[in-house]
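Common to both upcoming complexes is chain A, partnered first by chain B, then by chain C.
Up next is the complex of A and B:
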């Protein structure tokens, strides 16, 4: 029983945590692709930037969180989301819009986004240094240990406060996005433009507004993902670099252009990653007592932790071979 | 005053002109049909009117208002609806969502217009929750026309509405076009099925090499032996 709880804590919960982060990033990437038809490489840096904005706000107003009973960084997150949304719209106006108006090929847009990545990374390092920062400045990270009603279970299910907030926020964001895309006039226009941009134009849909809304959603979700990830672990300027590949893998696995696919893809990549690096020795130890000849090594994982970053590659390969359009049929919202 | 009037329009892609002086005019009570051989500039004329390509010379007027080279979204606001020949529905969206997208520029309650579109195309009412991509070619054409009608346009531009349809659907589409016209919407359409289309046309325009070759009532064009020989297959 304890082994099972250990497995659940380290694979299911941790996998779902990182999966939620990937999902939030992948939804943004997939929305931008669906509307603007290019892979936005600077997305992960928007996540880091958003998290840094939260760090600044948290440092400025450290007393806000304790007054409400939530981490200050989480309380500040909506403010930073608005700011990041504005920055995303600004980046589009400054860099991508002009290219779009000149009808450049998508690969030029991709290259431009790589340029934006480098600029954002430089900016973040310039402002905040290269060190590791914690978003918990004045408050402490709460950890919930949940007792299980089984006699054989002496271990607890462990969920931390930021993880719980992450799950709640993701659920809220997904429901809100679903309602927006399916019920609101602008959300439907977004789906229409992703489906058939020329027809959207002849229908009188204002494509500039749709593009703006896309950046607002992508930017604010990126900020939330960056903040919630940094709350769970720590905030580093190279956070984005480590997360970019899994996010794109998640978007492609789910089917590029499909937000529900991105959600599923995020969890597939996150859970596979944690499952692949999980150390089975602990779970299999009882077998060692039963079979005396069995000698388990200290670590018994499918993939050594250091090679974790390769896993999204393999998932990507598998999907591209067996289901090239992704789990959900891609290319449309 | 004519509903739409094109005076000597020259237009094309890049430096190449496809239209070399097209003239046409129709009233709001009329159906105008543009026919002609492949490459004559039929679809190009519609695209030029709807601001989808640049008009280099000449002018286009909607009820006397100069609309030359206005962008499509502005023309939708001015009361024009355009149905492209291909890719004319949002395949992933339901029939009703397609119609709602047609009404995107409307801020008022347009539910009565949904009902009116369903009364023009009763088939669509049963299918309104179905994705447009699952419909047959004829039904898609109805969705496309319905979408363009949602803004209650004064002029409807149709680019080969019966292309690739079975004769049964073709007749049905023509009947609907007449019904739409009788409700007070001027129609200008390009058609490959020239004989059938001219039969319902108040005005016909036979284009060749980007110019008007014949301009007359639909019936006169059908009766003209030269038009019949050169453009209607005898």
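Up next is the complex of A and C:
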């Protein structure tokens, strides 16, 4: 029983946490991919930027959180989300709009987004330094230990406060996005443009508005993902390329252009990652007592933790080989 | 061939810049900068055929550089007697045999369809077999790798001539490129960018953590040079000799690329880049041509990376950075003019000089700003100001990419397309 709880704590909960982060990033990436038709490489640094804005706000008003009973950073997150959304729209106006109007190839847009990612990286590291920072400035991270009503279970289920907040926020964001895409006029226009941009244009959809809304959604979700990730662990300014790969993998696994696919893809990538680095020896210990001849090595994991980055890569390759449209029938583009 | 005026002016400016560097920094340092720039020029030529000839997006140059550097280290570093005199090579060979056997078994299982075994049975069988065999190989490699690390440090090199390492480095780079290109080139170009970005990080992670193979973060030095080293003939002469080797390589590569560009092969490449559908309609095998040019470019990157690491004399896996080894090369290519080899070499030398000079310049500017700020407002500069100043250069690189794409998409030396009247 203890072994099962250990497995649940370290694989299911951790996998769901990192999966939710990937999902939030991947939804933004997949929307941009579907509507603007290019892979947005600057997404990871937008996440870092959002978290960094939250850090500044938290440092400015450290007393807000304790007054409400939530971490200050989480209270400040909506403000930073709005700011990041505006920054995303501004970046689009400054760097992508003219290229789009010149009808450049999608690959040139990808290149431009790499230029943007380098600029963001430079700015963030110049202003914040390269060290890791904690978003908990004045308050402490609450940890919930849930006792299980089984006799054989002496371990507890462990969930931290930021993880709970993350799950709640993800559920809220997904429902809001679902309602927006399916019920509102603008959301329908977005889906139409993602399905067929030319047809959308001739039927009188204002493409500029749709592009703006896409950036607002992508930017605010990126900010939320970055903040919640930094709340769970720490704020690292040099995250960018390491988290970009799993996010792209999640978007492609789910099917490019499909937000629900991105959600599923995020969890697939996150859970596979934690499952692959999980050390099975602990869970298999009881077997060793039952079968004395069995000699388990100290670590029995599919992939050592240092090589975690290979998992999303191989998921990506596998999906590109067998099902390039993704699980949810996205576009290959 | 008559050079146009603009080319003459730009190249004279570059020559003047080089002279200024020589005059201000001394010749030993300047030759070093030039030699490194020449290695970067090989990398940039590799990228210019991928991006300029074929429009392929490679975001993982760093991976090919690291791989080239590692292979040349493995081939040219002196033999490690501590390793070869024990029974460890035999054990390592045993692990290698197990790996080969596993590959053979899995391959055999995939061939079961010849015996009319249905897919429903084959697929689970293959998955279970590969997982089990993979665990078997990895768990048997673990103790051997640990023994190598504790008894011999790492497996050492093979003590072969340096140029063998360079060639094999290029070949292995090409092999990896074939593997990725084979999967991604039929799809949209963005996927290739994502995949190359991933493979670069994986190669780096592998070289950084496989201590038994590459000594990881402990680094390997000094790497042997293909020319007499500084200890024998002095810094200046050794570096100049190295520079002449790379210069000859660039000349050969330039000549071959020039021939390929004007040949039917080059014409096909440009036709595919400019209009994929019409060239496919003309019966050109689009994906095959792309794969060729992608592999060729990556071979050049492997060789260039090997030359760069050899020149630095130290193999340090953590020293490979996306910024220095991927995006700097990009700036060289798009600023110089993608698809124009002359422009690419110009861009490589020009940007590399600016890049090396920008580090003291950034430090100087930031120092000045902080002392002014301190004197006027009593502002206390943070301690890690120097590292931050260097990080600010990332911003400039990104800005250059954005500005060039926006205002001068063809670069300083636009590709010259021959028009037939």
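To be clear about the criterion, the second predicted complex is superposed on the first by the 331 of 333 C-alpha atoms of A that agree within 3 Å, B and C clash if a C-alpha of one lies under 4 Å from a C-alpha of the other, contacts with A are read in each partner's own complex, and residues count from 1 in each chain.
By our rule, contacts are C-beta pairs under 8 Å (C-beta built on N, C-alpha and C of every residue); 3 or more make two chains touch, one makes a residue touch a chain.
Please read all numbers here as calculations on a predicted model, not as lab measurements.
Within the superposed three-chain model, A:231 lies out of touch with both chain B and chain C [touch as defined at top]. Once the two complexes are laid over each other on the shared chain, residue contacts for A:108 go to chain C alone; chain B is not touched.
Of the two partners, chain B and chain C, it is C that touches more residues of chain A.
Touch criterion met: A:199 reaches chain B, while chain C stays clear of it. Once the two complexes are overlaid on the shared chain, A:191 sits against chain B while remaining clear of chain C. Once the two complexes are overlaid on the shared chain, A:51 sits clear of chain B and of chain C alike. When the two structures are aligned on the shared chain, A:5 is found in touch with neither chain B nor chain C. Judged by the document's definition of touching, chain A residues 332-333 lie at the interface with chain B and also at the interface with chain C. The touching residues of chain C, when paired with chain A in their complex, are 55, 57, 59, 131, 134-135, 139, 142, 183-184, 187-191, 193-195, 197-199, 201-202, 205-206, 208-209, 322-323, 327, 330, 334, 382, 384, 387-389, 391-402, 405-406, 409. Per the touch definition, chain B reaches chain A in the complex via residues 50, 52, 72-73, 76-77, 82, 84, 87-93, 97, 100-102, 104-105, 147, 151. Chain contact summary for the complex, chain A toward chain B: residues 185, 188-189, 191-192, 195-196, 198-206, 332-333. Against chain C, in their complex, chain A makes its touches with residues 33, 38-39, 41, 95, 98-99, 104-108, 110-112, 114-123, 125-126, 129-131, 241-242, 244-245, 248-249, 252, 297, 300, 302, 304, 306-307, 309-310, 312-313, 316-317, 320-321, 324, 332-333.
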